[in-house]
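Each remark here refers to the structure printed beneath this line.
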Amino acid sequence: MDPVVFLVQCLNAVQYGLLLFLVASGLTLIFGIMGVINLAHGSFYMIGAYMAYALAPLVEQTLGGGFFTTLAVSIVASVALGYLLEWAFFSYLYEREHLQQVLMTYALILVFEETRSILVGNDVHGVQAPEWLAGTLPLGELMTYPVYRLFISAVCVALVLALFWVITRTRLGMTVRAGASNREMVQAMGVDIKFLYRVVFSAGVALAALAGAIAAPVSSVYPGMGNQVLIVCFVVVVIGGIGSIRGALVAALLVGFVDTFGAVFFPQAAGVLVYLLMAAILLWRPEGLFRTV
Amino acid sequence: MRDLSSRVVPAVIAGLALAAFPMFGGKFAIDLVTKIMILAIFALSLELLVGQTGLVCFGHAAFLGIAAYTAALLTPQSGPAPLLALLPAAVLAAGGYALAVGALSLRTRGIYFIMVTLAFAQMAYYVFHDTKLGGGSDGIYVYYRPVLSVGDWQPFDLDGGHTFYYFVLVFLAFTFALLGFLVRSRFGRALAGIRVNEQRMRAAGFATYGYKLAAFVLAGMLAGLAGFLYALKDGFVSPELLSWHQSGAVLIMIILGGLGSLRGAVVGAFAFVLLQELFQSEAVFGALAQHWQLTLGFAIIACVALMPDGIVGAGRQFGRRVANLRRLRNA
Amino acid sequence: MPESRAGEVLLRASRVSRSFGGLKAVDDVSVAVRQGTVHAVIGTNGAGKSTLINLLCGEIQASQGTVELLGHDVSRWSQPRRAQAGLGRSYQRNTIYAPFTVFENCRLSAQARLQRPWAWFTPASSCATTCAAASHALERTGLAAQAHLIAGTLSHGQKRQLEIAMCLATGPRVLVLDEPLAGMGAEESERMLALLEGLKAEHAILLVEHDMGAVFRVSDEITVMVNGRVIATGAPEEIRANAEVQTAYLGEEGAN
């Protein structure tokens, strides 16, 4: 394989993996700390992307801003959405059985999808990247690489570092880690568990929505995008181990590489390779690569 | 344990009602009830897994779809296939995939199991959706329903009159009876024990992995039976049969009907399909009928939140209240 | 299975160790349980008793050392396999099948010895062998009158009795009992101790208990564990007199 082509594929793999990590980290945290399996998590990714598309004209009219302002508004909106959802809906799911959680959050997907359908319709849309990021960088003699994709990776890396800093260096992060390995103990120690849950949940929603929003110029905005990303995130969480952020990162990058290079070498089997990877890891480590307990 | 006759009699009455139905229903209604009966077999197979053994599987549609595709792929374009070959082939294909998926998935527990079964179903979905194996996203046709021939004699023709309806009804009765015996047998009681406390079962000496795998494969084969019938019904199979919406739908059916009861699975299948028809009806919902999945979503949330024991459970509670009132009045 | 002579070692752990991450939960522990005796294992919380029981029963594997059951090396055997070989266990928390009847709890446990999973068309309740084993176990533990009640509705003491009954229903040779007296009142404890005395003759019993009075009354041998290691093993009088044991353990609990 030509080294430049190889480099391009590596960059694509890293970018895809990092985006997956943003979504999967929320999923694994919400399950690890609150014990809730949230099938609707992919919908937040979809909501972020559709917000990037639908809010752009509004933002331009009222605030006079462009892409980044829309992004900021989307983040604020998704945090608010997360807060509201946790208070109104998810807090009732904490003590319920897995089957009930699965069905309730599955129903939530239906509600989100149809609401989106009513509000914005079912068409595929494109989102424009801002001008100064829309160019390409030359790689080697013949190839170029889109600057925007590098921007996505840069934002993701920044978020990964920020997330790790919060988790390992702040009190909030410490409480989150403690809650992931022993929920009851954290409660018994008098931490305001309700507030913690709301913060974690909103953060998870915001991360997923942000991922959707910044990916929108590259992946475009289409109805099935939430469900697609959700299932791959399940694979990431299973491989990485529930509740482990480190595991989610390693697994997301692994999935990114397998998927990207798999599509190059085995185009027919592209969709299936990730599941074969999962199957192989399950044979070796049924609890995922990095268990929290 | 309740009296055996109180279980058998309602089932027999329901069976007779279903047998008599074609005399009263129009073409659309008979078609709908046929579809419901096939989905009832599908729901019963999942009830064995979820209700009896406690294994929440979110990828059950894979077995439905694999059997359907097997039936479609093995039916030649030139003429019908033999029933005695096609039916086992479809069921065994589903069972084979269940064996592979089960062997791997059952190494995981709880939430992992749910996610892993979903992922393996998606894998099967992509195989049929993306590859040329079965016509891709357009689906494929089943050109002829299979025939049963003993020498030169053909006992029935699946294309004639209401034959297919009764064909499906017989299989529904068979599945219901089989599972009815199964849950009361030693195997069934062991599965129930695994559901309630698997650790305890292991401590007593049961090799629980084997039991769970057996239940998984059996459930997969029964789902395959439903898939086989589904393919024959409309003569068309599409990858959507393996989608997780299908897996979600069958889970909703058994919760709606009432988890932990075979009757609940059948009732749930009826209730779910009829609700879907209701939500899609413009006469009742007007413009919202287009977005029937929204109404369905809210209905599911309401059902899980307000009727955790499903229709059968609610019926039992109602019966108890009536009995109590009667007792108070007579006291 | 040949009758074992009184005094023969039926269950033995030889120098077993098990660590969790950096914590050595069980460190070079050896225990031998003889036919016709009750061997008690005592120690403070965190001494490694639960881990030791899990190692003996096969719920977790030892990283070092061997476990022998009825003469076989079962160190690599899974828990169900050890149970089939004659090892019965009761748990500290109630692990009864709450939705089933008391009778069904025992019958299902007994079914482990006569599984017949392929007999789909015969109802489980018609099996004479498992029903007889269940009735016998219930009589032994004094729960025969409660046979048709739902297990979840029993009192705590009755649930502990059911724990033992389920263990007996499988017809084990060796019993490993984890705090059978936990949460019991005086009268119920008396009954349980009488039961243990009665079971002693035909079984080898390993008992983990916190109730020192009961331990000294019913045991023939006592092993004391502290921080994962065995600090003393011997007859009850020896243990009571052992200075190290007194300071490490009995002194805190208040010797009887």
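Worth a mention:
In this document, chain identifiers A, B and C correspond to the written order of the chains, with residue numbering beginning at 1 in each.
By definition in this document, a residue touches a chain if its C-beta (ideal position, glycine included) is under 8 Å from a C-beta of that chain, and two chains touch if they have at least 3 such contacts.
Quantities reported herein were computed from a predicted structural model and do not represent experimental measurements.
Any chain bridging chain A and chain B, meaning touching each of them, is missing here; the list is empty. Using CA-based centroids throughout, the chain positioned farthest away from chain C is A.
Annotation: 33 Å between the Cα-based centres of chain A and chain B. In whole angstrom, the spacing between the mean C-alpha positions of chain A and chain C is 48. Averaged C-alpha coordinates put the centre of chain B at 43 Å from the centre of chain C. Multi-chain contact residues of chain A, defined as those touching 2 or more other chains: none present. Within chain B, contacts with two or more other chains are made by no residue at all.
Within the complex formed with chain B, the chain C residues making contact are 57, 59, 78-81, 83-84, 89, 91, 95-100, 104, 108-109, 111-113, 115-125, 127, 166, 170.
Residue ranges on chain B touching chain C, taken from their complex, read 1, 178, 181-182, 184-190, 192-193, 196-197, 199-208, 211, 214. Those residues of chain B whose C-beta lies close enough to touch chain A in the complex are 50, 56, 58, 104-105, 107-108, 110-112, 114-116, 118-120, 122-123, 126-127, 129-131, 244, 248, 251-252, 255, 259, 291, 293-294, 296-298, 300-301, 304-305, 308.
Put simply, chain A touches chain B in their complex at residues 31, 37, 92, 98-100, 102-104, 106-111, 113-115, 117-118, 227, 231, 234-235, 237-238, 242, 268-272, 275-276, 278-279, 282-283, 286-288.
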